[in-house]
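Look at the two complexes coming up: chain A is in both, with chain B in one and chain C in the other.
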Partner chain A sequence: MDDDALAAATRRRQARERIMSHGWLILGVLIFAFPVWITLVGSTHDASTIGRGDVPLLPGPHAIENYTAAWTSGGEGRYRASPASLMLWNSALMALCIAAGKITISLLSAYAVVFFQFRGRMLAFWTIFLTLMLPVEVRIIPTYQVIVSLDLFNSMAGLTIPLIASATATLLFRQFFLTIPDEYVEAAKMDGAGPVRFFRDILLPLSVTNIAALFVILFIYGWNQYLWPLLVVNDRGLETIVVGLAKMIGNGDAQNEWNVIMAMAVLALLPPVAVVVLMQRWFIKGLTETEK
Partner chain B sequence: MATLDVSAVSKSFGTNKILHGVDLTVADGEMIVIVGASGCGKSTLLRIVAGLETATTGTIRIAGRDVTGLEPADRDIAMVFQNYALYPHMTVAQNMAYGLKIRGLPKPEIATRVAEAATLLGIQALLDRRPRQLSGGQRQRVAMGRAIVREPKLFLFDEPLSNLDAKLRVQMRAEIRRLQRRLGVTSLFVTHDQTEAMTLGDRLVVMHAGHAAQVATPMEVWARPADTYVAGFIGSPAMNFLEGSLTEGGRAVALKAGPLLRFADGPRPGAEGLPLIIGIRPEHVEATEAGLALPLDLVEPLGSETVLHGRLPDGEALTVKLAGPAPVGGAIQVSLPAAALHVFDAASGKRLDPVA
Partner chain C sequence: MKKTLFKGTALPWLLLAPQLAVTCIFFLWPAGAAIWQSVLQEDPWGTRSEFVGLRNFAEVLVEPEWRGAALNTLVFSTSVAVLAMGSALFLAVQADKAIRGGNAYKTLLIWPYAVAPAVAAVLWLFLFHPSIGLIGQALNQAGIAWDYKLNGGQAMTLVIIAAAWKQVSYNFIFFLAGLQSIPKSVLEAAAIDGARPVRRFWTIIFPLLSPTSFFLLVVNLVYAFFDTFGVIHALTGGGPGKATETLIYKVYVEGVQNVNLGSSAAQSVILMVIVIALTAVQFRFIERKVHY
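And then the complex of A and B:
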């Protein structure tokens, strides 16, 4: 075979590889994006279109009224839902509290575990670590009992505090702190910085990107909580959007207002998307590089 | 301006003894270099002086004040770290000012001091930069600046030049020396590099296995090493060691390699036949017409001089440094001048000086 034929064969092979890889990627995108598209489209039709069993693939004319209904009243259906405005607020507040609380607690506990020598240090660390194996669902009944005994049922505190205790973030901060050279600690000692100053002036600024990355993850974690808010809150005024959304879907006794449900779902999607988009740059930085 | 007294300082980590009672007195304004191979305890000693480690026993006094139990910040010292340890999120000016800020100095005074130090080090233009935007030499200067602004009684340097490339290292070495002389601050400088040690120190502390093997001026350490370790550590290429035994009533040594060498500076104490180690620096070995035959197995031309590696008839290695280009041929004849011999007791490794 001469060189021209070899070069042509190489070109063909490269073209084939390009088509293959793009093909797979496009397929992947379709699989991920299709349900979102269906939801978006569904939120722009009236109830009867979807009620007939059609699955429209192109947007309809009823977007504004559906979104207005979802935002102000939550629809007219069998189940009287709460307005999205209220539930979005509750969800945002809960997710923010959880993210901020988790970050605060884990920063402090990781700081203690990494930078201080004290009796029971490793015991403390492993105890925190062990809770990784016990997600909320596993400890839900005792946690419920505790919250009720503390009279935190139906409150924002009851909603967020049990979800704040978390080993994941502690672990991540510990790993990050371990990469901080001892020389910074020693230089700070030379400068006369005590533990609080070192934490505030040096450790915290160095952790900013990590904190941002964790904030994104934890905000979404908090936003998506379902089981715990469902159990611990039955006051309509504290209902979160994930719970509210699920409650809107009936069990078949009556017609579901799919158009409003889908509008509500789109609204529920927006805050996490916004957080990811706004913090994307920090998020990637926090996962890939450290300021050293 | 201060003196430093280290007395009987020892340090153990569990059963592992790192320092075996080190004593050191540093005069006001003196620059002491602590030199030794890695693991000899030199950094530990420095960190104990700094207060970053606590001594198992012994005391540290700075300017007469017992600081053994004090925190690093209360010892009135400044330290330059190997990796500089500049806070990455602060500008150069903030890095230099941080210690002063914590001490609660008024802002105008901090600004004056930082500006003065920056001028002294030629880093005025860098004050608003972050450490990551600086080159190695610049970071080094900033680290020095951070130490200077504090106007400490004592400077501590923990291998500050080892992260620089060779050329910059030589330059910074000279700069540190000049600066230290000018400020007149008592300094401790830790290094594993013997050239740095020789050129920087008013006196050297050669550390070996947790002991201060010798404390003396660089020239004395070179000319009269206290034991075989110091003799082999200081000087490049390293000193040759040949086996021999004391003979002729202490006036000569019978080398295992053959020749009998008479001491130029007088008889050594010890019994006839006492095993000795004779040290001779490669640059002191002379090439002669008729002497010990030295078949060469490696020739290293360095331009102005040549380093020759060979083996004596009894198998002992001998390194010779000759001025000028490499000799032609596979062997040379060498003689060992009596005046250049260092005599050590083979059993203890200690230097044997002539009886007065």
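And then the complex of A and C:
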């Protein structure tokens, strides 16, 4: 009898704890989504509603004109950006070049380091490893000088190539290649396949999951670049949406065209968020494995 | 390391060439240039430069502005790490208890990771703007004179919130994975022994999570140091005064606006030392974890 009462009390306690947990989690989710909700709502009202300081909590009727203004002209205020259509294109191109570039050169170098025996192998490996310790932020000015002397200022090449060296991606592929049984290589050799065919027909198909996982992380990394584009591009035709959005803020005056800025903010965050949500499984795999 | 089954020297070097080229041109050369410039002093016209040894470093380290920026960096990074890790741990513990709906919460909490730091800054600006922001207005109505453009402490608070908001997702994923690897039987045993949830957390869960926490601490510090330039640039521009100027921000300002190469290079070198130290700590820790 006593045992039953104890068990019932335990069950009640556990149920209570669980309801509390759900409560906290829902609260957390709401707090996290709140700034985005306000931005989303703000992007559907006109400039005077927001400028007056009447912060609306529910959507209004001006969505189409605000998004059209952001899409075609980048706003009309004192601090204008390029049209969102152009900036989204630039951001997408930059993110894709960086992600594809990093994956390609890391796959190749990991392949060389793991499957070949040659002089200077360790030297090459450590040179690549060193880049981990030199993020672009700490060598801003000298890297900028290199870009200028190579005549890459204001170009998509200057925007992307310096960012595509990747120690983390190389380490990840190296780790994965080391788990591939030697028998694969021996079998390939017996069939008369050379290193190039082995890479193309066996290694590449085996790496697809890792490539997908890495792609999600690197696409977001590329899309969210801020300091580097700010520094090496001042041509409006190459402006990316993250930099353009920040430019529209100016000094943060109340007279800004906040409705268009909010529409621009939604456009700037939608693509990477969509990638994470739609490719969640690869995203988590990529995140947890690149940090090993 | 026995998987070295192809012979030849030309092919592996060819495979490594793109990665090594990018590394040498955009990483090693600029890093070398930074070290070289940090021991030189240019005359104001940039025509002559002389070797001054460590004088630039000595000057930087006693400069009140540099010390101010170092203090700001310390306050900013510690606050971001504590806030982002604390809330992530709390939410992860709740998600681990909730059992049902765990994956839904995961989806609803991880997306802020994809938002660029500069865009996160803009989202929080919409809330905390003194005249158009919901919270900014509420604070002013409640009698607190809120204007992050005038008050340094408030500006710092705002950049900390915006920077931490984005990083919680990352910590949440790792904490949840850590919690899910703790055997449920251990926790049940403690519950049967009558340990209350709070006690269970501090005596069992928290110690078991300490490797994850330590790893995340390093990652969060690196994030707060280097990846948050966009938050500060878009939100406060280092102001008001120099209240939110961090070390990275100062290197940018000195190099781009004031063009003081020797001093800027010395500051870059100091930052490199910090990254190298943090990376070394991170890798030592990972080595240990592998041995467990």
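The definition used in the following text is that the second predicted complex is superposed on the first by the 270 of 292 C-alpha atoms of A that agree within 3 Å, B and C clash if a C-alpha of one lies under 4 Å from a C-alpha of the other, contacts with A are read in each partner's own complex, and residues count from 1 in each chain.
Please note the rule applied: contacts are C-beta pairs under 8 Å (C-beta built on N, C-alpha and C of every residue); 3 or more make two chains touch, one makes a residue touch a chain.
Since the model is a prediction, treat every value here as computed from it, not as a measurement.
Overlay on chain A: chain B and chain C fit together in the combined arrangement. Contacts of A:Leu134 after superposition: chain C is touched, whereas chain B is not reached.
Residue contacts after overlaying the shared chain place A:Asn259 against neither chain B nor chain C.
Contacts of A:Leu206 after superposition: chain B is touched, whereas chain C is not reached.
When both complexes are overlaid on chain A, the residue A:Lys189 reaches chain B and chain C alike. In the superposed model, A:Arg197 makes contact with chain B only, not with chain C. Of the two partner chains placed by superposition, only chain C is touched by A:Tyr226; chain B is not. Contacts of A:Ile38 after superposition on the shared chain: chain C is touched, whereas chain B is not. A count of residues in chain A touched by chain B and by chain C gives the higher number to C.
No C-alpha atom of chain B lies closer than 8 Å to any C-alpha atom of chain C in the overlay.
Shared interface residues of chain A, touching chain B in one complex and chain C in the other, are 186, 189, 291-292.
Residues 10, 17-18, 20-22, 24-25, 28-29, 32-36, 38-39, 42, 50-51, 53, 55, 104-106, 108-109, 111-121, 124, 127-128, 130-135, 137-146, 150, 161-162, 164-166, 170, 177-178, 180, 182, 185-186, 189, 195, 198, 220, 223-224, 226-227, 230-231, 242-243, 245-246, 249, 251-252, 254, 258, 261-262, 265, 268-269, 272-273, 275-277, 280, 283-284, 287-288, 291-292 of chain A are the ones that touch chain C when the two sit in their complex.
The residues of chain B lying in touch with chain A in their complex are 50-52, 71-74, 77-79, 81-89, 98-99, 102-103.
Put simply, chain A touches chain B in their complex at residues 181, 183-184, 186-187, 189-193, 197, 201-202, 205-206, 291-292.
Those residues of chain C lying in contact with chain A across their complex are 1-9, 11-13, 15-16, 18-20, 22-31, 33-34, 37, 87, 90-91, 94-95, 97-99, 101, 105-119, 121-127, 129, 131-134, 137, 149, 165, 168, 170, 173-174, 177, 191, 197, 215, 219, 226-227, 229-230, 233-234, 248, 251-252, 255-256, 261, 264-265, 268, 271-272, 275-276, 279, 286.
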